[in-house]
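Have a look at this one.
Residue numbering begins at 1 within each chain, and the chains themselves are lettered A, B, C, D, E and F in the order written.
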Amino acid sequence: MRNIFKIEEVKAHCDVPCGIYDPSTAQIAALSVIRMVDLMEGLDKSDSLGYVNTITRHVKVKEEEAEKVKHEIRIIWGDFIKPPQIEQFPEIHTIVHNIMMLGSHVRQHVSREKSVELLQEVNKFAQIFWQIKGVETKTVKAPYAPNEEVVIPVL
Amino acid sequence: MRNIFKIEEVKAHCDVPCGIYDPSTAQIAALSVIRMVDLMEGLDKSDSLGYVNTITRHVKVKEEEAEKVKHEIRIIWGDFIKPPQIEQFPEIHTIVHNIMMLGSHVRQHVSREKSVELLQEVNKFAQIFWQIKGVETKTVKAPYAPNEEVVIPVL
Amino acid sequence: MRNIFKIEEVKAHCDVPCGIYDPSTAQIAALSVIRMVDLMEGLDKSDSLGYVNTITRHVKVKEEEAEKVKHEIRIIWGDFIKPPQIEQFPEIHTIVHNIMMLGSHVRQHVSREKSVELLQEVNKFAQIFWQIKGVETKTVKAPYAPNEEVVIPVL
Amino acid sequence: MRNIFKIEEVKAHCDVPCGIYDPSTAQIAALSVIRMVDLMEGLDKSDSLGYVNTITRHVKVKEEEAEKVKHEIRIIWGDFIKPPQIEQFPEIHTIVHNIMMLGSHVRQHVSREKSVELLQEVNKFAQIFWQIKGVETKTVKAPYAPNEEVVIPVL
Amino acid sequence: MRNIFKIEEVKAHCDVPCGIYDPSTAQIAALSVIRMVDLMEGLDKSDSLGYVNTITRHVKVKEEEAEKVKHEIRIIWGDFIKPPQIEQFPEIHTIVHNIMMLGSHVRQHVSREKSVELLQEVNKFAQIFWQIKGVETKTVKAPYAPNEEVVIPVL
Amino acid sequence: MRNIFKIEEVKAHCDVPCGIYDPSTAQIAALSVIRMVDLMEGLDKSDSLGYVNTITRHVKVKEEEAEKVKHEIRIIWGDFIKPPQIEQFPEIHTIVHNIMMLGSHVRQHVSREKSVELLQEVNKFAQIFWQIKGVETKTVKAPYAPNEEVVIPVL
């Protein structure tokens, strides 16, 4: 594949709009997927209207948040990650593709295990992202349920 | 005005979905508004297609980000802030209303001053939000342009 | 809280776009929420595909209409209601916040009582809106199910 | 063309969801298109950022409101108007098609004349709609700029 | 009804944007509706979370695809079909209206029969569309489930 | 990177929903981007309202169509392309990433050359897609402006 972006390589990730890329939106969305799974699994099954209403809404939010993970990561991957960064982090395509597959998997199923894997892949992506930006990171527990670990910049 | 939410008061902000509220999305959006203003003011005026294309896109992104600020804050205010919190922080309604007015102002104009004010009001809201959650905060410079100060939780 | 909109106060609600504010959209949406609750409660519970299809769609429409109520009221409150109007109608913040809380409640539950309360709060808001515009109002039954009372301008 | 909806004919416009059809949303949107044209024509041409920002936003709102007219009318036409009503009002297809063509025209141009024609066609549709519902109508001036005439039900 | 588009008649379907109209998007969406019905009918009924998750998603996709059929056809009908084409194909209004009614029917029910009828009406529309463009058509089986017949241009 | 989808590998691209993947939507969108560039470059520059209205709309359509290209390709790549296909077509990640970069480039600029490159990359993707499905392809001129070549299945 010939390199179609030779010119951009020099200035790297600085196109207009250089934009404000921040993986935290995708991380919050991945946490929300896990949270929805937890809530769905905690519900007493019933055929009452209240149950049907709640479960339908949880599925919908899970859908939206998983889609948001995929959309946000696609934007950063497509706009911020350029050939020089790919050379530096050749695993980035696989991580992003994993996020896409996991994002679909957690929409299609109600799986805590795969939802946590989704968050973990997003954290790997965030780790690389901040490394490219030259910002140190640390791993902390999210300050709200499901309190899973997220990689955040040290500011 | 009678209190229509007497029952909820006891368990406060714990409705299903308790949700994952995080003012960072609104803060990132407010930073993006400032960034768009900076980019718009830095452009050489011209009637070239490139200029028209760029300026139109900047206006659109500014619109969307300002709307996102308003939408995100409205959700947290409407779903997380309940009567007990209002009693504790009676200024919350005015802060939120200011955010709505400023959010419209920065859509209608290209004003760095008002965009920064918008971010400041969102920071005030974030400050109160984390205080309610019992999480300490600090003020840091955002790790990307426009590098304005944001209030974040100490995790 | 300092007044951040001193200049606008003089010309009040006349920014470009002065816009065409009309609470009727929010009122129609609130009626639709009640209608959905009525339809949901009237369904024979079953596990047939037809039932599942219908109930899922009703939940979705209820979600969308409740969200529309909140969005439309937020717009009028944020863009049309300025400090002079707040001074004149100091209860407006509480009415709007009630609409936000009730709007979430009727999404989270299937409750005719709360849906009617939502419409009533929206009617209060409409009453104040038309009073600000100097237009008289009357209370009429909506010309379609659920035929609840709505406050409309006398034209 | 064979009649594919023989069964529905008996109960006519009463499918679930019978829904809450109200042409007022389309009428408000048509008024908004006229309003945008008026605002656009009233602007002093300039190359200032403020002008570019405003004109871009006006085009966008005009787009959205014209689209809303088309979408709302399509819904009522497709869901509420059934073969018996078409027999009674054979001109309905032409009115709806005119609304579609005019809706596109006012998006593609800045034309007060065509925008008013759009509103007039929507009023014709509203007139027929309320006649089908057995509700009398009257023609009044809208209570906000552009103060054009709209057909409303007598409630 | 007077002819409101006398001037356009001469140049027919060549307004800016003449656009790129292609009924294939509506045809793919109609195929997707049939596919969803097939998948829904093939599921083992159960009250497990997995089933609820799947069935809710299928209903949602069916909704969206049926809506897409209606939206895409409305655009081509409103923007591409002008009075001269209506004179040539006077049945076009009825076909489009049938698509609207069938599009709502397949949202409201889980019906393979009606979903296939929807595709057939969309095929009729595609047939006329390509005839207007002067492009020959043929009928082929879609290269993916549900493998129903679609009318495509001979290119 | 460990293989997180070992189980799926056996049944490959057959998850529910196996879905109806068709790259034609992305191809039509890529053609639309080229068309918009052609229309924009053909306009007489002016400061008239008509010009501003048209150019703003063209930028918006170009944005939307370029986004649609990226979104549609991301879906097929994420849901249909699984590890076995990646092994067979190891260049797929680079093609998809190129589409993302080119999709952003044609939003940020008005460039016929890059728009055509975008279509070409989408054609490469379509070529691989149909090869995986075991369907032969041919290259034809699109039956509408801009009449560029597209890879389509032989049906």
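Here is the rule we go by: a residue touches a chain if its C-beta (ideal position, glycine included) is under 8 Å from a C-beta of that chain, and two chains touch if they have at least 3 such contacts.
From a predicted model like this one, the values you see are computed outputs, not experimental measurements.
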Touching chain B and also chain D, the following chains: C, F
Fraction-based call for chain D against chain C, same above half, different below: same
Pair sharing more residue contacts (C-beta pairs) when A-B is set against A-E: A-B
CA centroid of chain C to CA centroid of chain F, Å: 41
Distance from the mean Cα position of chain F to that of chain D, given in whole angstrom: 34
Chain D-chain E separation of Cα centroids, rounded to whole Å: 23
Touching two or more other chains - residue numbers and ranges from chain D: 16-17, 47, 54, 56-57, 60, 108
Touch relationships between chains, expressed as pairs: A-B, A-C, A-E, A-F, B-C, B-D, B-F, C-D, C-E, D-E, D-F, E-F
Footprint of chain A on chain E - complex, ascending: 47, 49-50, 52-54, 56-57, 60
Touch list for chain F against partner chain A, complex: 1, 4-5, 8, 15-17, 70, 74, 77-79, 81-82, 86, 91, 93-95, 97-98, 100-104, 108, 117
Residue numbers on chain F that touch chain E, as the complex places them: 16-22, 24-25, 28, 31-32, 35-36, 39, 54, 57-58, 61, 133, 135, 140-145, 152-153, 155
Of chain D, residues touching chain F in the complex: 40-41, 45, 47, 55-56, 59-60, 62-63, 107-110
